[in-house]
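Naming follows writing order (A, B, C and D), and every chain is counted from residue 1.
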Amino acid sequence: MTEKVYIISGTNRQQAVSLQVSKVYQQEFEALGVDSEIIDLQQLPADYLFSGLYENAGKNELVNGFREKMKVGHKFVFVIAEYNGSFPGVLKAFIDGLEFPDSFMNKKCALVGLSAGIQGAVLAMSHFTDILNYCGAHVLAEKPKLASIGGHIQDGEITNERYMKHIKKQVKQLIEF
Amino acid sequence: MTEKVYIISGTNRQQAVSLQVSKVYQQEFEALGVDSEIIDLQQLPADYLFSGLYENAGKNELVNGFREKMKVGHKFVFVIAEYNGSFPGVLKAFIDGLEFPDSFMNKKCALVGLSAGIQGAVLAMSHFTDILNYCGAHVLAEKPKLASIGGHIQDGEITNERYMKHIKKQVKQLIEF
Amino acid sequence: MTEKVYIISGTNRQQAVSLQVSKVYQQEFEALGVDSEIIDLQQLPADYLFSGLYENAGKNELVNGFREKMKVGHKFVFVIAEYNGSFPGVLKAFIDGLEFPDSFMNKKCALVGLSAGIQGAVLAMSHFTDILNYCGAHVLAEKPKLASIGGHIQDGEITNERYMKHIKKQVKQLIEF
Amino acid sequence: MTEKVYIISGTNRQQAVSLQVSKVYQQEFEALGVDSEIIDLQQLPADYLFSGLYENAGKNELVNGFREKMKVGHKFVFVIAEYNGSFPGVLKAFIDGLEFPDSFMNKKCALVGLSAGIQGAVLAMSHFTDILNYCGAHVLAEKPKLASIGGHIQDGEITNERYMKHIKKQVKQLIEF
């Protein structure tokens, strides 16, 4: 049995496109018979920045549910929306509250970047690759850049064929990685 | 009259070394007759991640105090502690809640990196330079790397002469930048 | 008198678009009454990698002409074409043969990125900013990303209005930087 | 049979430490029964920058020997000395002359950084990871940072135990990657 893949919807923005893209990934894994689960940062407790980090790490039951999944999972997809030229702050804060090094050491990650503009979160994914590598996780070379995402997603479907081709390729690679 | 410099203590960790280093910078500016003020991210509201961002940006009075300072300031020092190979998530979340582009366009920034380990937050400062440049702010080339900071600060004083030499040089450069 | 600006056409490819873009910058500086000169890496000696670096640095008369200009100049524009996801190797090799730290310490640089594809050399410029900052040079925040450049330059003129708006803004900023 | 690993000594400096470190890696692979070969950039033709790139790519017999090895190899170690805050220009120029995408697509790479100073080429390896990922190659998370290398290598042996521990770990990981 192929192990479960965790898909991190990397923003806490309400009705975020990141969550829609996460669901597209989930469908792709399902189509290949692979179980997956979405970790939606919108579900973090409101006071996560203070209740989930540093001396409080591990003390919040709600946060511990997230921490446990990241600890048991071995393969992750990070859906990364571009904010201010990098990843959302909440995504890095999420990483900062996880167990180190058990959450990432020798695990396998796939990154996908979204942006309203034309960059496709390329710098965000470069920065996040540095972070994951630092934490011991390997990152797939294929990192789809879904630029101008608003015009390429409709009713939960990604309508851009090239985007879907990259996503399907990456999903297969992560399963075999 | 030289304008006020804002020093951002870029973590919300209690009793953080970042705040001590921020105070060292404040003393250096004072010694040169330049007014400065520390913006301590430990003072953000506990629910900042949800009350201060996106559709709620600008609605929280406490957060608005921070936003106003970033808007009126023209010169900033960012004190950046290395967490998981980059800057703290809270620092990026702070940026994500500011007014764009008025908070940074054509402003001048200085970065200083702290780390428990030997890297001195070099990747964190590289990532953060990308973000500030994206937002329109210029960054001083000099970016002191205060590696193994725990062994080089005592009673609020930085005891490493080389570190202080870099800090003094950078403070002068920011005033003239 | 405003000092001369040196424009580095950062590739040694024959008939490179980088050289055409360099000439566009030269015209813009001229229109504002500022003298400029293009340093074309196509003019490096064929054996530069071996005759111009390390123990041979400074021994090649032809190379010394380039080195002298980089030493006396205080403001530079680097025209950076995207190759393999970063800047051309020859551009970094050029930097590696210059005098350190006199070539860059406290100088001011502007970067412009070109690409055949849609990225506009954004990673190349991020990497190159790290290098210039390391060498002591300040980099303007504004870094025009001239994506799909082939379709936006004709007879030596950049035909994309948005591109020209960013270039004109950057040229003015470099003069005042 | 485990396939041959190619080790790229990423500088053309004479008597470079990079070549010594490459030989250390070769010994480690040999100890685990894995064949390896060093590709020494010091052996590139003197006029490589002009004879090996762009319209001349593939026309130089000497260069073609290098190109062929990079094409048939599936696992690479890149030994990266820090020059001016990043990798040596010659290393990127080497990449620029290879066949795209056959040289790197879906291949596996390990990076090791050397520096005279304290950074251990951390930015160089971050930049080079971006390049390899762009070219389609996966990069191991473990990237040993051999800072102050001059004091940790003697008679071809790396004398720092921690450095050797990281190298041994990485060599095993690359074999299994």
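We adopt the following convention: a contact is a pair of C-beta atoms (placed from the backbone, for glycine too) under 8 Å apart; a residue touches a chain by one contact, two chains touch by 3 or more.
Since the model is a prediction, treat every value here as computed from it, not as a measurement.
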Labels of chains that are neighbours to chain C and to chain D: A, B
Starting from the Cα centroid of chain B, hunt down the chain whose centroid lies farthest away. D
Let me have the rounded angstrom distance from the C-alpha centre of chain A over to the C-alpha centre of chain B, please. 27
How many angstrom lie between the centres of chain A and chain C, each centre taken as the mean Cα position? 36
Just how far, in Å, is the C-alpha centre of chain D from the one of chain A? 30
Scan chain B for residues touching two or more other chains and write them down. 123, 126, 130, 133-135
How would one label the connectivity among the chains shown: line, ring, star, complete, or other? complete
Residues of chain B defined as touching chain C within the complex: 106, 126, 129-130, 132-143, 173, 177
In the complex with chain A, residue positions of chain C that touch it: 118-120, 122-123, 126, 147
Please output the residues of chain D touching chain C within their complex, sorted ascending. 12-14, 44, 46-51, 53-55, 83-96, 100, 123, 127, 130-131, 133-135
